[in-house]
Structure formats: structure tokens, C-alpha cells
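I have a structure I would like to understand better, so I am pasting it below and will then ask my questions one at a time.
Letters A, B, C, D and E mark the chains in the order given here, with residues in each chain numbered from 1 onward.
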């Protein structure tokens, strides 16, 4: 347990001294995961909504696939992206391996299914309520999608936040494609891995606490911003 | 006289059960067509099927091709569909689908709200208004596009006497200016006041088709006779 | 069979030697050795916490510090292998032409050729740092990438960046994702890498299976172990040299 | 890319030859993650439902906390559980470290917030629909909770499946507390890490494919079992 | 005569606006109390406040302590609350809350369904019945516990003439056997037939309290006079 309390003290120390290394990796963590969440939301939210409102033969399978993909092991995603981006791979010429961009790509793959799946679930309910009206008014497919996404803001936000949470805590994939290079691609989670390997559990736990605090803060801020706008149910 | 709407062997089935039909009729007059019948007779199902909301069998033909277009039809549902928006935005929504700018759509929505006698805080959530006010909101939303044909499913069920009169006035007024109207109601007084033609349904079948006063004064079918007396029906 | 736990470094496990030794150990002593494959620091940490019965690592200063803290009973040298330098097949820094390991590093630094460092305070990383010091260089700059990963992962990174890296020979030979990398420098005695076995102190952690740890130690220094270790080859190369002193 | 196609071939080979090692680690993966999902569901589903129906001052904070905890980095959870279960930790005497039980504990910590958070979102909607009725009927707090969970079966299932997905693909935590010991605590994800470290991407990708297939199958099976029961919306 | 229900300065506020009240009244007769008033007058709000569904100010006192108990009161909402269950299970639900075994609860639910004239497939989803049938379902659900007091919010709004008669019969019957009834309606004929006492609301205020026929024949307030004529009201 001493590691644990030591970790708390260490975390406090790091934050109070404004440790520049800590600031650097924290900012990179945020940058990568926010960017990945943004991109994944742009793909996943419409995809989830689309799945909720369209009926086609393979629908159930696609949804199970999506849910299954939520379980994509990060390491496998990392390998896959590595193979794509490595110099001998098809996209090797872009020289993206071991850059934050590669990390964003890997995270987008990991969190898009999560965002899409949660969005799908929420939009299904909304669609059941709106179905008759939207069809009656002759809304085009595009308009239906947009209406559901706009009016489903809150659950959409939850979906995106779940994706963000998954992204910022993820390590397996970004370790492989980012390489945990000091001052270049080191983020909080890879730093935690590193400290763990060194046996410096105190430092690892300290970084972990900072990471969790960060994740919770982002949630609090977004929820607060979002709720101030509207009434109790939406 | 040419019929503006004719149905031939129209029926709606769900899960192996026939909910309504087969029914065949021609509507030729330019008065309001009122659908009557006891609870569960199939009034809602008939209106929805004509509007294209139910998978139907049989033929539906519109005398005027323009009427067939989805956006030229409006439907006031038996229980109003509430969007997660303000009252004003709910009413303005059909115009927004038509690409009308927000400010103009809202201005026109306000006009409709006044027209149907909806005196509430239009900037409040639509969930937070009374039952009768919701019905008026739905009415205003249906009127806003100036539809060629309006379907109304018991539009005055929760309205007070005065509001009912106002809505009836609006209906006769738009009927006179050429809008086709097809509605269901349990209010026999209202039916008498408004009906040009009557379709009387019983257990999914069209028991009788009649002309306004003639129908009410001397119904031909036993079922309609009993219904108008408020009598036993099975 | 009785289970005992031993924490070992990745380089030992990745070499494949464990796959040869463990079945023999089980057959001869009845001990089912469960390996925890972790970084050097973590391996020692597990031992200090009493979560394993013995450790097998390769970082002498860290080992001695660990012993001084009363975590283990003693340190027994078992075998050694050696470190090598790996780099792009065309060896742009001409590190392969150097006489000594320090010379190879100087060549790399002079060419500012990309170099991947484990950067994780592992035995290998500590050795690398000693070598830089010996070469009179404080490596820094864009070309020097401290990645903070295990041996295999660091090799993957080097392979992806086509960079130089220092590796233990076993990990390199077993490594399947070589890409354009090849061995560029080897053979300097300074690169020898001693593995030592240390049972966890039963006085500090009464629950540890000290008897099994001793039994395993006896086997590890036996002639049979010697034959197996010296005879283990990959692609015709000997990986480890047995050097336990039998008292 | 050759690694990728090699991985597919390798996966096929492993499955077709019924590789016994593969079977062992696959079964352990399933066992650990299913058990963790079960326990986490027993905690997370009622917790999510409870949060949806109870109003208390710190509610928003608790929800943000829960969402934030979705981002718990597995490595940190692993460390935390390690510190608890280590011989020198408070629960050391139980001798649970490096056993499947320890892995289950770590996964429960990781996936409970996910399950609770998704359940919360879904139950909130249901509660808005049921609120008046349940209060009116004088349902006790316990009965409200049970009713919502029973009638919210489908979204609950999605929540649990999201948790399962996260669990089965997780590696950081179980690597630390399980130790990836051959024939004892090695599961698919830790085996993938191991192969990646060896640079054997083909094998790693093959195991990854098997893992994904497994996750998708579990989803398909559960969705199929669940949907056959009831109608279209629930 | 002792009042069985009295309110003193009862009001309901939301978001700084007074929706209803303050109203004060005593109900003393043992007839049916009918709440009347135009749309938005506050009828629903008053009933809900008395039932304990709204946060209220002021005093509500029950003459008989037994009536105050939540489970001795039943409420038929203006728009029926639909559970995601079959029609039969919806009706049986209050009994299930009371711990009645499923089989018995279902048997008793069938009795109530027949009593209110609900002739549908009771094993089907409650979402799939017609508007009037939903109202009957809600009626049956409210009757099943044999409540001491029943609140009904426009219970016949979507019912046909015959069903309305049947419900009115049930109401007079349970009134005669001692159940207190308080209801709102826009159907003046119905109010006349049923009302023992009348509370007339207008813009949230109690404009007039009267006794059945006296009220209808000679309302005292200007507002009630206008309302009964179906006349202008503001």
C-alpha cells in the first residue's frame, strides 16, 4: 500500500511543481485523444444513427460486428496500423509511423466502434419516438439522420465521452505505433507502462492519478457546458 | 364526379393479423371526409395507410397527382409526437425541413400558434405544456406547410369547447380554400358539423359510406345505427 | 509437481532458452517453474515484495543494491550472453568498421544516425548508458530516440525507423520483424552480459518457497544445465555461455 | 501487408488443427472475461439504474466521475490491484496474485464503470417514461430499480456486452496481476503481447483475429437469444 | 359535513412560474368531484399535485387517513403510460408490486380487462393497441387494486360513445360502493351526468366551486358561464 500513498504524494508533487515533462506528455495525451475522439465521433455518431434508422438484411450482423469490434484488442489494432504504416507497408511513404498522427489513427480505429455502438443504442429509442413524424413530413434520409443527431445531443455526448475515455486510457496500440519516444510520442499511458517496467510503481500510480483526474475533468466540463443549455430531459 | 381519392382492396396486416380492410371506396365530394367507428375499428390504421405510414396492400389512387407527394400531405397524430425542442421549434420544424431559414420559420410558426389559439410560452420545452396545448401544437405544425391534404386523427379529443370550435373553424376555412381533409373523431356532434362524406368502419371493415346529414339521420347499416345511438357494439 | 515463481527479464524469455530448460527442470526436480516476464526493475520489485520465489536478471549494480536491502539470500552467476549493435543493412554510420563498442557509438553519434535507446532503466539500458559514458558522449538530439519499451518492442521500433539499436544477441536472433536491420557490431568483451540468479530472502518473506528456489539453483549450476545452456543454438549460433562456479 | 495475410492463414491453421495451447488460452480468456462481466453487471447495472432514478446533490459529479472512470488506464488498475494483492499488500495472505481470480478482479474494476455508465444512459430514458406510473403506484425504491432493469433488458444487454468487449480485449491490467504465466494465466491478449515482443506479427495478428471472432460471436449469440423473445422495440 | 379532502393554499410552481394555484377548497359530498376548465387551466396539475406527483406548496388534508396512503390511490393519466410489456402484464403490474403471484395477478388483470370492455389480444405488446384501447388499459390498471380514491384525467377523451357509457357506469358503481373519485373532463355532458361537486379552474385559479346540477344550470362566475356556453375565454 505504501506505493499507493506514495503515488498520491508523488502526483501532488508533480502537479505542484508544474513538472515540464509531465506537462508535455499530458498535453500530448489530451491532443491525441481529443483529436481521435473528434474524428471517431464524426464517423461513429452518424454511423450509429444510420444503423438505428435503416432496416436491411444484414443489420443484426452489422450491429453484432460493431459490438464485437468494441472488443478489438488495442495491441492488434496497433499491429495492424504498424503493418500499414511501416516503411514496407502500403502507406509507408507517408512516414507517419512513430508520430502522433499514427497514434490518432490507431485510437480512431479503437474508439469508433464504441461511439457508434452507444450512439446506435440511444438513437434507436429516439427514432422510435420520431419515426412517424419524420416519415410523415417527408424528411429525406439525410434530414432524418441530422434531426436525430441534433435532438440526441446528450446521448451523443455520452457516446463521445465514452470513446474519449477509452482513448485516453489506452496504451497497447499507441505504444506500438507511437513508440513511446521521449519528447516525441510519449503520452501518459505509455509513460505509466515505462515506470511500471522500471518497477517505479509510485511514479506509475502518480501518473495514473493524474490521468484519471484529467479524464474526469473533461467529463465534468463537457457535461456542465452541455446541461446548462437545456431542460431536465434533454 | 371524379374521385380525388380512391382505395381498392386496401388492407393492412401485421404479424399475420389483418388490422384493417380490405376496404374500397371513392371520395368525390369536396367536403371533409370523416372516418367514424368504435375503438379499435381501424380508423387510425386507415388514415395512416392512406398517408403511407403503414405497409399496405391494395391500391390507393389520388385524383390530383400533387396530393400524392409526401410533403403536400400533413398528419395530426392521435397522440402528438413531441420533439426534444421548444414549442416554437416543434411547429417550425416542417419548414426547416423545407430549407426555410430559422428566423423566418420561427416567425411563421408564431403565426400558426396564434391561429390555433396556442397561448403558452413558445420558447419553453414542448414536453412542458398541457395535453390540449400539445394537440394544438400538432395542429399548428400540420398547418404550417399549407398542405394539399390534411389527415387528422381525433384532433380535438383533449380540447375544451372553445378550442374545439376554433379548430373546426380553421378546418372549414381551409376546406373552403381547397385543402382536402380526412379526419377521425368520436365526437358525433363534431362529425355532424363537419362531415361532407362519412366512412364508417367496424372491426376493420367499411360498414357504410355515406353523405353527411343523410348518414347521421338515417344510417343504413345496423352497426352505424347502433354506434350513433351510443349503443351496444361488438 | 510443485509450482514456484521466478521473475525474469524479457531478454531471457525471448531467447527461447526457457522453453528448453523448463521441461528439463520439471522432469529432473519436479518443479514447475512459472515465469513472470517483466522489465528488470519490475522483476526485482516483484522479488522485493515477496511475490516471486527467485529472480533471474542481468544488471549487477541493481542486483547488489537489491541484496543489500535484504531482499535476497545471495547472488549466483549462472551464464552470460553478449550485446550486439544492430543497424540499417547499409550501415550508414559505418559503425561496423569500429574496433571497439565505444568506437561504434562514436561513429553513430558522429553521423547523427537514428539510434533507439531502450530508455527504460533495464539491464540492457544501463549497459548502454555505461557504454556512452565510456565513449565520452552524452547522447542527445533528434537522432537519439529513448523509447521506454521492452527489448522486443524497442526492436520493433528500431525496425520501423530503420535505426541503430543495442540488443542482447538472443533477442535479436529470435526477433522475427528484422525488416532492413542487420547485425553491425559484435565481439567487444565489454559487451558481455552476466545473468545472475537470486533466491528471495525467506527471512523477509516466510511464505516464499525457499527450498524450491535452492533446488532450482542446484539444478541451474549442474552439469546438465551447463550442457543444455552451452548447447542451445539459434541459426547455428551459441547464445549463452554457462559460467556458474560450482563451489 | 504480408504479415496481415500471413496472420489470417496462421489463424486458420491454428483453429483447424485445434491447437491445444490455443484452446487453453482461449478458454481462459473467455472464462475470465465472462466472469468479470457477470460480476461487473451485477454491480454496474443496478448502480447505473440507481443513478438514473435518484436525485441527490452530488449526482452530476458522480456521473462525471463514472464517465471519467471509463477512462481508467488498465495499467493503473493493474498496479492498484497488484499493490492490494501483493504479498506485502493488505490482501497478500490470500495468495491471489498471479491467478485468474486476480485477473477477474482487475477486469471488474475496469468494466464496471463502463457498464454502469451505459446502463445509466439507457435507464434515464426509460425512467422518464415510467416515472409517473411508478411513483403513482407507490413502487418502493427497490421495485422501481427492478422494474427498470427488467424492462430495460435490451439496453442492459448492450451495456454488459460493451463491458465484455472491453474486458476480453484488455491486456495492461491482467498482464500485471496475472503475470502471463504459461499454462496458468496466459490469455489471448497477453499471448498477443508476447508474440508482438518477439516480433512474430503473424502469430500476434492470428491470435488477434481469433479474439475478434470470439468477441463478435458472443455478441451475435447473445443478441440472437435476446431478440427472439420479444417484439420489435423491446 | 366533514370534508374528505381539503386543500389550503395549494399551488404548484415550476421554474419560477406558478402553474396552478393557490387554490383552497373542501370536498364534502360523496359524489364524484369533477375538475373543469379550459386547456391549460391547471386541471392536470391540480390532480397530480393532490396525488403527490408534483412538488406542491400549501396544505392537503385527507379526511380518512387510509386515503393518504399511496397504494390506496390510483391515477389514470391523460396520456396512458405504456410499459414495455404485454397488455395483460401492464394491467397486472400494480398487483405484482403488491407481491401477488404472477398467475393470480394475470387472472385478475383479465377480469379487469373484460370489465372495461378491452377486447384485444391481451398477450400482445401494449404499444400495439389503438388509442382508445390504451385508455381502457390504463383504466383497468387503475381499477385492479380496488383503490380508495381514483384520480382520472380526461379518461374518456379517446373513447367511443359506447365505451364512454361503460366507463361512466363503472365509475358510478365504484362511487356507490365507497370509492372517492376526482376527475377532469372536457365533455360537458359527461360532467353533468357524473358530477357531485365541481371545481372550475381558470388560468390556474379556482374560479368557482359548485354542486353538480346547480353549477351547470346557473354558474356564478363569468368564466364558467362562458366556458359552459363553449364561448370565448381568455
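What to note about this one:
Basically, a residue touches a chain if its C-beta (ideal position, glycine included) is under 8 Å from a C-beta of that chain, and two chains touch if they have at least 3 such contacts.
Listed by chain with UniProt protein names: A, D = ABC transporter permease; B, E = ATP-binding cassette domain-containing protein.
All values derive from a computational prediction rather than experimental measurement.
Common neighbours of chain B and chain D (ABC transporter permease), listed by label, are A, E. Path length between chain D (ABC transporter permease) and chain E in the chain contact graph, taken as the least number of steps between touching chains: 1.
Farthest from chain B, judged by the mean position of CA atoms in each chain, is C. By number of C-beta pairs in contact, the leading pair of chains is A-D. For this pair, chain C with chain D (ABC transporter permease), the centres built from the Cα atoms lie 35 Å apart. Separation between the centroids of chain A (ABC transporter permease) and chain B, computed from CA atoms only, is 47 Å. Here the CA centre of chain B is 82 Å from the CA centre of chain C. Among the residues of chain C, those in touch with two or more other chains are 150, 153, 156, 159. Shown for chain E are the residues that touch two or more other chains, namely 128. Residue positions of chain A (ABC transporter permease) with contacts to 2 or more other chains are 82, 176, 193, 196, 201, 233. Pairwise chain contacts in this structure: A-B, A-C, A-D, B-E, C-D, D-E.
Within the complex formed with chain A (ABC transporter permease), the chain B residues making contact are 51-53, 69-71, 73-75, 77, 81-85, 93-94, 97, 125, 127-128.
Per the touch definition, chain C reaches chain A (ABC transporter permease) in the complex via residues 38-45, 119-122, 145-150, 153, 156-157, 159-162, 179-180. Across the complex, chain B meets chain E through its residues 14, 37-40, 44, 78-79, 119-120, 128-133, 136, 153-154, 157-165, 186, 188, 227, 230-234. For chain A (ABC transporter permease) in complex with chain D (ABC transporter permease), the touching residues are 1, 3-4, 60-61, 63-65, 67-76, 78-80, 82-84, 89-90, 114, 117-118, 121-122, 125, 128, 155, 158, 161-162, 164-172, 176, 188-189, 192-193, 196, 201, 204-205, 207-209, 211-212, 215-220, 223-224, 227, 233. Partner chain C is touched in their complex by these residues of chain A (ABC transporter permease): 82, 86-88, 97-98, 175-176, 179-182, 184, 186, 190-191, 193-194, 196-201.
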